[in-house]
Structure formats: C-alpha cells, structure tokens
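Chain nomenclature is as follows: A, B, C and D, assigned in order of appearance, with residue numbering initiated at 1 for each chain independently.
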Amino acid sequence: MELNVQDIAAWIEKSNEKMQANKEYLTTLDQEIGDGDHGINMVRGFQEAASKITKQDYTKPADVLKDTAIMLMSKVGGASGPLFGTAFLKLSMTVKGNDTIDFGTFANGLEESVNGIKQRGKATEGEKTLVDVWSKMADYFRREKDFDQDKIAEEAKNAMEQTIDMMATKGRAAYFKERSIGHVDPGSASSFYIFQALAEVIGRRD
Amino acid sequence: MELNVQDIAAWIEKSNEKMQANKEYLTTLDQEIGDGDHGINMVRGFQEAASKITKQDYTKPADVLKDTAIMLMSKVGGASGPLFGTAFLKLSMTVKGNDTIDFGTFANGLEESVNGIKQRGKATEGEKTLVDVWSKMADYFRREKDFDQDKIAEEAKNAMEQTIDMMATKGRAAYFKERSIGHVDPGSASSFYIFQALAEVIGRRD
Amino acid sequence: MKKIINDPNQVVQDMAEGMVAAYPDKLKQLPGTTVIARKDAPVAKKVGIVSGGGSGHEPAHAGYVGKGMLDAAAAGEVFTSPTPDQVFEAIKAVNGGAGVFLVIKNYMGDVLNFEMAAELAEAEGIQVEKVIVNDDVAIDDQSSRRGIAGTVFVHKIAGAKAEQGGSLEEIKAVADKVVENVRSMGMALTPCTVPAAGTPSFQLAENEMEIGIGIHGESGIERKEITTADEIAKELTDKVLHDFEFTGDAAVMVNGLGSTPEMELSIVNKQVQSILAEKGINVYQTFVGEYMTSLEMAGCSVTLLKLDDELKALLNASSHAPAFHG
Amino acid sequence: MKKIINDPNQVVQDMAEGMVAAYPDKLKQLPGTTVIARKDAPVAKKVGIVSGGGSGHEPAHAGYVGKGMLDAAAAGEVFTSPTPDQVFEAIKAVNGGAGVFLVIKNYMGDVLNFEMAAELAEAEGIQVEKVIVNDDVAIDDQSSRRGIAGTVFVHKIAGAKAEQGGSLEEIKAVADKVVENVRSMGMALTPCTVPAAGTPSFQLAENEMEIGIGIHGESGIERKEITTADEIAKELTDKVLHDFEFTGDAAVMVNGLGSTPEMELSIVNKQVQSILAEKGINVYQTFVGEYMTSLEMAGCSVTLLKLDDELKALLNASSHAPAFHG
C-alpha cells in the first residue's frame, strides 16, 4: 500500500478532528504537569493546518506535509509548535518529489522526524516527551513491512502509556521531578492522536 | 438612684464586653449594608477605652466619660468613631464636676449627646443611623423619672429594631438605597449594646 | 482567607514599615503613627498636601507621597478612616508655614475624622484648607457621592500646584476645579476580604457582577449577569459621559481594583478609547493600572477628567511619588 | 471563570490594541501581529532589544517597551511562546543596522521559537545575539531553571546599554553579567485560570500554599501549609541567598504575581529588607510591585541582583517604558 496526496491530506484533517475532540483532555494533562495550554495549542495549530489544506489543491504529499509543518510552527507557539513542525518538515523533506509514499519511505521519514525533534529539543528517549512516542513509532516502522491500521494505533497507544511511569527531565514537567510520575505526557498524548489518525486513514484505504 | 464613678466605669467595661462578644455579628451587619468593619472598629475602640479606664483611678464620672470619648475618637476610625466619641464627650461635659449622676442629669446629658451626634454627622432621625437609637433613648429618658433596667434595655432594643424597616439616607448604607431596607443598622446595634450594658449596671445596683 | 500577612491587627503597621523600607531615601514614617511623609517634610514655605483614608487602597495613599504630589498620607485600619490624632500628626509634620491642604474622599468617616484633625490644627494656628472628592457617579445624589479613583488626579494636580509655590487658596481653587471636572464609575467581579474580618465582604455567583462599586469591598448599586469587556466598558463610560458634558481634552484612567490582570484592563481600555473617539473627546493622557484598589477585589473603574490648559500643565508636571510617574 | 474579556481567543489581540491605545505616542503594534514596538523603531545604529513570551505576565513584556528598555516585545497566546514568525517580525522592525539582541526566558517553548526566529533573521543578514534568563532557584538543575521576575532587570540593563550605544557584544556581555548575578524564588496562594482553558490551573486547599512557583500558573516545587508573611519572606530570601553569594550592593524586587494586594507585598518587603540588613547586604534600590505576573495568581517572588558600578549606572539610567520608571 502507498499513501497518496489525498491520504496525507486526510491524515492532517483527521488529526485535527482528534485534537478538537480531545482538547479538554490534553489541557487537563498539561494542567497536571505543565501550564495547561497544550490542548489549546494543538487545536490552534491543527485547525489552521487543516483549513489551509482543505482550501488548497495539492499534487504532492510533500507539499501537504510542508504546509502542515509551517502552520504548526507559526500557529502553535509553546514548545510543541517547533517540535511537531520539525517532525512534519522532516517527513516532507524525505518524501519530496514523490507522488505517493511507500512504507519504506515513510519509515525513513519518521526516522528523520525523530532526529529532528531530538536535535531541536535537545531531548532523548525516556525523558517523558513526545520523543518517546515518535521514537517508538520510528522503531516500529523500521521493524515492519507494510502499513497496518491496528498495529500502528496499538503501538502508538503503548508508547504514550509508557510515558506515565517516566520521570520528566525535559520541558515544563521536569520542574516537578518525581511528582511528574504517574501522568501521561501531554505531547505524547497528542502524538498518539496523530498516529491514531494515520491508522484510521490506512483503515479507510484497506 | 444615682450613678457613681464605679458605675460609669462598669458601664464602659460592660460595653466593651458586649462589643467583644458581638464583634462578628456587628461585622456581618456592616458587610450587608456597609464595608464590614463596624465590629472591628467598635472592639478596637472599646477595648482601648476599657483598658485605659481599668488602669486608672477616677474620682469623677465625667473623667471616665471623657477618656472614653477620647479613646473612641482616637482609636475607632470610620464614621462611628467621631460620633460615639462626641456622644460620650457631650455626656461628660454635662456631668462635669458631679460626684454622681442623677436621672435628670443623665437625661440632659443624653439630649446633649444626640444633638452632638446629629450636628457632627449632619443626620437626623429616620436616616437609619445610630441617631435613631440615641434619639429614642433621649426621648425615653425625658419621659421617665428613674433608671429602670428592663425598660432601658427594652427601649434600646426596640429603637434598634426599628431601623430594620428604614431606608438609609446617611452613611455607607445610603449607597444601597432601597436595598438597605430589611437590615439592622450596624451603628444602631452597637448603640443598643451600650444601652444594654447601662441597663445591666443599673440592675447590679438595684 | 488566604493572605500573606503576619497578624491581621498589624497589617497597617507592617505595611507602613515595608513601604518606607522600599523607599528609605524618599519616605519616612512619623513615629508612633502609620502616617507616611516625604522624607524632607516639612518643606519650608510650601503648602503641605495631606491625604489618606482607610488602608487597602494601595498604592493609595502612601504611594502618592513624594515631591510633586502628597507631603503625607495618613493610613487608617483597612477600609477605616484614620483617626483625628493621626491626621493631626500628618498636618503638623508637613506644615512648612504656608498652611496645609487636605484631600478627603467623601466618606462620612474620612470627612469627620479629617475635619476633627483640621479643627485641632487650626487650634494650634495652622491654616488648613480642604477639598472633598466625590467622583463616583454610581450614586445619584451628588452630595453623597463617594471619592474613588478620581482622587488620584486631585492628588497629582494639587500636589503639582503646591510644588510650584501655589498658595493655599490657589491650591483649593485648582483642586475644586478637578473635583468639578472628574467623574468615575466602577464594577466588580468578586468581593474582597478584610484581614481582620476573615470572610469576604459579600457573595457573588459565578455569573454575576456588581455595577457601581466603591472601593471598600461593598456591594455595588446593581447586580447583573456578567457580560463582555466591551459591554462593561461601555456601561461604565456611558454612565460617566451621561453625568457630565465632556468636550475637548480629557485624561482617562482605567483603574484595576486589585486582582484584575493588566491584560483585562488593557482590553477595557481599548473599548473606552474607541467610545471616546466616537464622541469626539480628545484623550490627552491615559492611565491604565492599579491606582486606587480595594484589596484583592477583581474589577475596574473608568475615570474621566476634563482638562484645560492649567490642568494639563499640572498633570504633566514631574512627580517623584513611588506610584505616580509624571 | 470570571474575567473581563470579550472572547478567550481574542484576549491577546484586544490587549495589544488596548495597550497601544493607552500610549499612542510611545508604542505601535506591528501590522498583522501582536508585537508591540517603540513608536520610533527602528532606531538607526542602535542595537534593537527584543523580548517577549507568552501573554499573561503583564506588564511584561510590552510594558517594558520604550526608550531605554525594550524596542519590541512579541506576545504569544496566554502562557504560550510567540511563534517564530512573530518574533521574526519584531526583529526586523527594530533592526536599525546594529543588530538585534534577544532576551529569552528559559522555557523550551520560548527558547525554540526565539531561536527559530533568530535563524530566520540571520538568513536575512540581520546579526542576532541572545541571552537566556534562568533566575529561578526553585529548580536545582541550573540549565533547566526558569526565567521569572529577574528578567525585568535584564530588560532594564540591556536596554540601557543599547540606549547608550553599546554594541551587540557589549550588550551580550552585560546581559550575561545580569543573568549570572540575579536569583529569584516565588510562591503562590492560589492558581490562575487561562482564559481559553476556563478552569484553574490547579487546586489548593484553604490552608495550603505552593513554594517554588513559576509564572505560568503551574504548581510549585513543594506544597506546604500557609504560614506568616515573615516566614514566607524568609523562606524565599534564604533560598536565594543560599544559591549565590550576595555581598556588597544589591537590587531587590518583591514582585506580585497578579492578585496580591500591594499591602501584602510591602509586608513581605519589610521582612526581606531586615534579613538583608542582618546579612550585611546593602540594598541599593528596591522594587515592590507587579513586574512579572501570572494572570490573577496570588503570590509573590523575591529577586536579588548583585550590583557592581556598571550595573548600578545602567539600572539608574532613564527609562520611558510605561511600566518601568527609572
């Protein structure tokens, strides 16, 4: 299976729907170990990305991803904006020129995304940040052969849930040290929604 | 019956006890139609007056009354300080030189007090202020022949209660216009305690 | 009650000491009182300007003590007028021989206690004049209108006039002019808690606000459902404009009552300015911030002062008071 | 949620317009942004100073825009860093040819977004330098310490240096010196409510306080039972003194987080000053008030800045920013 430009556009739109639906939940997570704006930030960014994408005609997946990256960087604010923006920008750069994205290319793109996030945020795995979801997903894609709706969603969910027991050492949550343990990392939760949205797009195609 | 210097001192001390005991109630009344400090103000003033009087030896009732007036003026603050101060000062001036105070002299003193309060506060009867209690008590003393514990307390209570149905036109309560109706005037309540204290002193003597 | 205090009965004393500790070169506390005066008071041959009132209105009144503004501020207990002896000490401390001018807010307590102090001072041969500020248009009857945020303009302008060597009569005249030309109207979203009382001054539901509020934590003239900042600004401004014919130049103050974030004051200011522009009133200067508060009450007031050339010049004159820079 | 606002999604825009409306001669809003800049920006040949961050810290940051302090402040959504494009607009607007200096508070969001903006600016040939302020001693690990009230001293001193014609390198050097010599510690009695969230950022019982609070409505490092102002002042001051050896002269800031009455800040200041006097630290200048807030949070922070002659002169230099007078 390969993802075409409609699939990628649907991915972003579905991600937006999920952010809207879970805005309050994300904000609650961020109130617990952050400053309570993560839901608001993600909704603002994905709302703008989705509406930009809907308004425009694209021929290449990379262009959808790039516009998403730009909208996230320029609308989210907060730590998560540049990080998610970087993720989509790296993905876009990897698939540049392609009409469709095959599994291997997507896996490469995710690897680039993770590297980009880690570099920008100076964070690594296990620090209770969105790195923990993106990195686990890159690993998973490297191991697998083809897109699988259920497995992608499940893998992302597991990765998100594994942040519960971690102690934050990056981002605002790090200020709480031990007190950060026992909560889902907000950025990991929104990352999970992004991969869940991807899984649903794949499901629609199957 | 005549009131001697011990009676007058006891009056002030008993008034103080009543203010202490009803501080919260007076404050609640003032929260309803004022700024919520009347209990605090009265307690501060009578506390100082009582402790000044206890510490000192007096031979003349007028001196006790004068010190009370000075303490109320210089410790209460707010509208009620100068007004109660004036009341006790006028009383003191009327009985100046006397070793004891007979009923008629006390009645004259109260009349002077009412005039003093009215002049300072530019208020008259029916404006829902402490004038309403002091004026009713002056009337009562003018009508009667001798100190009577029960009647004094009863008369003062009635006067206080009559302020409930009045609409305030002086003091902070006046800002509330019709909304001031239905509440006891705080200054009338504390005036009632002063006369109740007087009644109890008389009762002790009977 | 959540407050950063030591003893509810010591808040005014502690505050006075803390204020002087912050500005030891500018301010002094008169011994045995909670009066704060200019460090260099009395200034010879200058009329001394004294104001004050209950505490809880900070930065009023001590924050306005300084060259070009007040010479002394007497602080009473929270929301309670200072007693005559305290005001009398303030008067004596700032009398440089040219007399003393009192700026009194129109509350029975303030008026009575300041007047008694004035009598004591006059008995000692000190010439005293006064103005009673009643800018609050929430009250219909002009004689019982409260003095609220507009008082700060009186402080500023009377203080500037004194600094320029104005006589007691000249200061009285210009202060009267300010009082005639200044109007305010306030509202609140929450009550406040007097430290010694320990409980909020009134209760308001989550969707309610009080319109026509004073600065003593009392309820307002009218209780209403909360509305937008634009509508609140409009209601306050319209009431002020309805009461007095503002034409030409004006100074505007959007004053926070204590816990209203400056963000919200700016939002209110935006609408106030657009209403004034629409009416053709020329805003000469705007003040947005906390000038006359009511402890931690949430809410704001809008004040307009009609300006002529004299008032403009005096408003512009320099002030060294910690809370008013001009 | 009780707030005087119009639309939770419009608060920053409304506020920016309201601020400029208050100081139309001093400030301007860059079109299409919520960046506020000096009216006369760019100032030719002067290094432009840009700061900013999430909104909700008013008067920071736009209140510090003015001659002698910042050239522009970029305001993000409430408690959310401004995006790179906004900061980039600010940088372009204040670049008078001598480069631009960024004062960034040490939050991942601020750092990332400002750095991206710096990259965009450098790509256009604008020279950019920066300082990252991390004065909050509540956090042990120095590299992850937050920037809080001490940032205002960086604004003031970097701004003064730029006004005096300092080069980008000289400004960087003096800003670094401030960051090395400034420490803060805060506490809170209540949470605050982000307008778009609508619910308080955390819950605190009537008898609880949070020690080691930031300025984004987050909980602190430690939850404790409320104690007296004196003990609170002591805890904050001791923590600051323990982290850095303050000797000689210092500037002190007792900063209110939003809804703390000035009365309480003065009471805290009284004790802070007496602790410093005891330790033989000479207080050169004190600032008591709301300088770096967290919406309507109740609480305060104590900041100390060790001063040498250069820092004293720059702290003393004149500032025309609406919220900082010097």
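Throughout what follows, a contact is a pair of C-beta atoms (placed from the backbone, for glycine too) under 8 Å apart; a residue touches a chain by one contact, two chains touch by 3 or more.
Source: prediction; values computed, not measured.
Q: By mean C-alpha position, what chain is farthest away from subunit C?
A: Farthest from subunit C by mean C-alpha position: A.
Q: Determine the centre-to-centre distance between subunit C and subunit D, using the mean Cα coordinates as centres, and give it in whole Å.
A: Roughly 28 Å, centre to centre.
Q: How many angstrom lie between the CA centroids of subunit B and subunit C, rounded to a whole number?
A: That pair's centroid distance is 32 Å.
Q: Can you give the whole-Å distance between the Cα centres of subunit A and subunit B?
A: Those two chain centres are 74 Å apart.
Q: Report, in whole Å, the distance between the mean C-alpha point of subunit B and the mean C-alpha point of subunit D.
A: Once rounded, the distance between the two centres reads 54 Å.
Q: Two-or-more-chain contact residues of subunit D, please, as numbers and ranges.
A: Nothing qualifies.
Q: If two chains touch, include that pair; go through all of them.
A: A-D, B-C, C-D
Q: Going by the contact rule at the top, pick out the subunit D residues touching subunit C in the complex.
A: For this pair, the touching residues of subunit D are 2-7, 11, 14-19, 21-23, 55-56, 58-59, 63, 189-190, 206, 209, 226, 228-230, 232, 254, 258-271, 273-274, 286-288, 290, 293, 295-296, 298-300, 325.
Q: Which residues of subunit C touch subunit B in the complex?
A: 54, 76-85, 107-109, 112-113, 116, 138-139, 144, 146, 194, 196-197, 199, 201-202, 214, 216-219, 221
Q: For the complex, which residues does subunit A have touching subunit D?
A: 27, 31, 34-37, 39-41, 44, 73-83, 120-121, 170-172, 174-177, 179
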